[in-house]
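Here come two complexes built around chain A, the first alongside chain B, the second alongside chain C.
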Partner chain A sequence: MAAPPGPVPDTLPLRPAPGGPVARRRTERGRLVKSAAGLGLILVLWQASVPLVGLSDYFYPSPATVARAFGELITKGILPVYVSDSLLRYLGSVVVGGVLGLLLGLAVGLHRGLARLLAPFVNFLYAIVEGAWVPLFVVWWGYGIKVIVVLLVYIIFFPMFHNTMVGVRTVPQVYVNAVRALGARPWQVVAEVILPAALPNIITGFRVGAGFAFRGLIFAEMLAAKTGVGYLIYEGVSMQNTARTIVGMICMGVMWLFIDNLYLKPFERATIERWGVVVVPEDGH
Partner chain B sequence: MRSLAIRGIGRQRPVVVTALLLAAWLTFQAWAWWSGGAKLRAAGLDHAAGQVHVEVVLGITPEPFHMAIFQDAGRLIAVRGSSVFVMDVPPDRLRSLAAHYWVRAVRPWAGI
Partner chain C sequence: MAAIPFLAVALGWLLAPRVLAYPRYLLPPAGDVWARFLQMLADGSLAHHTGGSLLRLAAGFVAGNALAIPLGIAIAMHRGVAEMLRPVLTFLQSIAGIAWIPLAIVWFGIGNGAVVFVIANIVFFSVIYNTVMGVQTIPLVLRRAVLASGGRGVRILTELLLPGALVQIILGLRTSVALGWRALVAAEMLAGASGLGYVTIESVQWYKTDVVLLGMIVIGLLWLLMDRLLFVPLERATVVRWGMLQR
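Let's look at the complex of A and B:
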């Protein structure tokens, strides 16, 4: 039922427009407060559960013990080095693997002959889990950074390759023909039509690959490194200092949240909005 | 016009946060390098021409992580309390060793 029209008030209440920057900032602040409250509640429950569980610090460290371990790792200069080592390995591998996957995906997507030649082999490799390669990589390069980088490149390559190839192949031929009819050169067709149309797939592949690679980083560092957050997680248990293991796990989660929220999500939002495929809401959901 | 452009860049959170992180990291590195030089100057080691033997006084109890750094810098001879004795440290390695914030002081040592 529609409300009866009333007199227009002289002054309107000063309310931020829904969806405006002020309202967005308020929503963001509200979300932050709720997240902080949730985190605080978990910490309080965790601390309160320690005397109830009644186990030693080795089996069930309290938040206070974990905080002490965190402080010690900072004071000793261990954590900053481990975090930066992990981030550098990750960044380097993501760039190399992403570019390789993109280039080969483009080539295979554009060239049917190449697709027939390479697709079975790539599919075969896709089925081999990255963990299966580790022993062989270690034999070839020994324990160290090379194994980690190659493993991460391998992990990110396939989602990137597959999504790029699918994205390129699903571009409607009518667009390509239309641009060709207007006199576009092959590289212009790729740059102006195929790449933009395949971009949502490419970005999805990149995000999926980046997520897998991050998990792979921790796994690889546990196996083949002497520094890094993955090594910290492994070393904590072997040195009977589980608080350090939990510090490593928290660092891993924080690092991923940081990478995803600060770089991957805005990147995805910007590229998808830029090419007008879909508008992602501001909160990214 | 210029302020609009600056505001446009400033609105991009990834750019701002990355720039802030980079600035913080560079500031820290500069401070660490300067403090490393100061530690060496205090011990009269800032003009060491060749390899030197040193006692590195730490503000912490060393762990395998630190031992690896000392072994990389020279010949690790002994650890007594919070002091680490290293021989044959080249001048460039000495500077980067002293730049670690957990190194309290570096002193000349006669060696064995």
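Let's look at the complex of A and C:
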């Protein structure tokens, strides 16, 4: 089966799409219709199940109730504030943690001695699940934003560090030698050979870290924040308004859809897929 | 040489109370944590909480897989249904687990039910997603091979879909347990009544930081043990040997 030109499709179909670009566009549209149908089916099943389950709105809100709660949150101006708060915390921490992980991973990857010194220690820290650090952070800084930011920086640091280190270490020596033979200075070797060659690993590390960090954001907000989407999910239940909780959950999913499809995947596609270095599965695990 | 950072941290930890002045609850001396470890070992609370956590993890893991694998295979068998549901599954998978904790509290109250539900939830959505994707990415060649040797219907299920799904499941095993473990700790903190996560967050309000530190160390060690003693050998014996995963 020949690889189709252009962006790699979401799944390799069991039967290859027949025909050329026009037919392919038709199957893309067909897929969109199917996705909408799937979503519609779930919504219909949900709405239909409400009278069957027969519990109050507190236990089992209907899509209508959730839609009403959504409208309420928008008109009261709560939702936009919560979403922007969450995004701000997320983006700031992810950038800081990502840069730190990249720099340290680079340093450790380039210097064998440093690797032997720090790698096992960092790996042990990585084994301590992110959530487990939250109580300690709360002891140190009380409930609040600092805990959330530190946690997110921590979460994204490790995959970035690990993947950068691995990426740098596995650059084929041939490339380095070739460039050195042409008279490249050390910094040129790093900038023009090692970094680009390690880029697939680095980007994968960033994507993995970004995913974990997003979940970490929601968890930390549930525990230690007074605004934000995670807080909304928790607050809905504590004020007996389960519909708000569901609005929060849906928001969370949509936000991740945005982040993954508008930023992470295109970035991946524009760099490593274009350079033909690797074809990544779309699930981002 | 690898031990140097550990020793440095240990040394710093031992010396800090002598060099700096700070309240005991911010960083209890190592001796306190060790004493707490011995105490919790002796009165059985360490075993109680650790055992409880592991049991909840196992229960959630089994429940999640038991529901996800058959359902995933059933969905994957019909390409049309699979295509319809793929975006929904992707969406649900992105909010699986931790986001459901408050809802779980509504349905099950605080305690085992909520925690096991959250773990089962995240395992379910990640396994079903992997199963559906896995079946869809079985190479066309294999499908044609089964068809060419006269297989139809049930044969396709048993000789193509199930082994393909099995490979996906093993590949995803480490990830799903890792996700389940994270969900366990988080859920116990927010919705638990016992267990490592619960004990850790509960001690915060009593400023019993030695318990917090002990909890963190146990959580880290448990994952390291599970990973090195279970998953790496398991992967080596199956998917690495079958050439499906480079390590």
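Quick notes on this structure:
As a convention for this text, the second predicted complex is superposed on the first by the 244 of 285 C-alpha atoms of A that agree within 3 Å, B and C clash if a C-alpha of one lies under 4 Å from a C-alpha of the other, contacts with A are read in each partner's own complex, and residues count from 1 in each chain.
Note that in this section a contact is a pair of C-beta atoms (placed from the backbone, for glycine too) under 8 Å apart; a residue touches a chain by one contact, two chains touch by 3 or more.
Note that this is a predicted model, so its numbers are computed, not measured.
For the composite obtained by superposing both complexes on chain A, the positions of chain B and chain C are free of clash and fit together.
In the overlay built on the shared chain, the residue A:S56 is in contact with neither chain B nor chain C. In the superposed model, A:L262 lies in contact with chain B only, and not with chain C.
Of the two partner chains placed by superposition, only chain B is touched by A:G77; chain C is not. In the superposed three-chain model, the partner touching more residues of chain A is C, compared with the other of chain B and chain C. Look at A:W133: by the touch rule set out above, it reaches chain C but stays clear of chain B. By the touch criterion defined above, A:Q173 lies against neither chain B nor chain C after alignment on the C-alpha atoms of chain A. In the superposition on chain A, A:K226 contacts chain B only, with no contact to chain C. For the pair chain B and chain C, the minimum alpha-carbon spacing after aligning on chain A is 19 Å. With the contact threshold set out at the top, not one residue of chain A is in contact with chain B in one structure and with chain C in the other. Within the complex formed with chain A, the residues of chain C that make contact are 1-2, 4-6, 9, 25-26, 79-80, 83-88, 90-92, 94-95, 97-103, 105-107, 129-130, 133, 136-138, 140, 143, 172, 175, 181-182, 185-186, 189-190, 197, 200-201, 203-204, 207, 209, 212-213, 215-217, 219-221, 223-224, 227. Interface residues of chain B, counted against chain A in their complex, comprise 12-14, 17-18, 59-60, 63, 65-66, 68, 100-102.
Chain A makes touch with chain B in their complex at residues 75-78, 81, 226-227, 262-263, 266-267. Contact residues on chain A toward chain C in their complex (touch as defined above): 1, 10-16, 31, 34-35, 37-39, 41-42, 58-59, 116-121, 124-125, 127-136, 138-140, 215, 218-219, 222-223, 230, 233-234, 236-238, 242, 245-246, 248-250, 252-253, 256-257, 260, 281, 283, 285.
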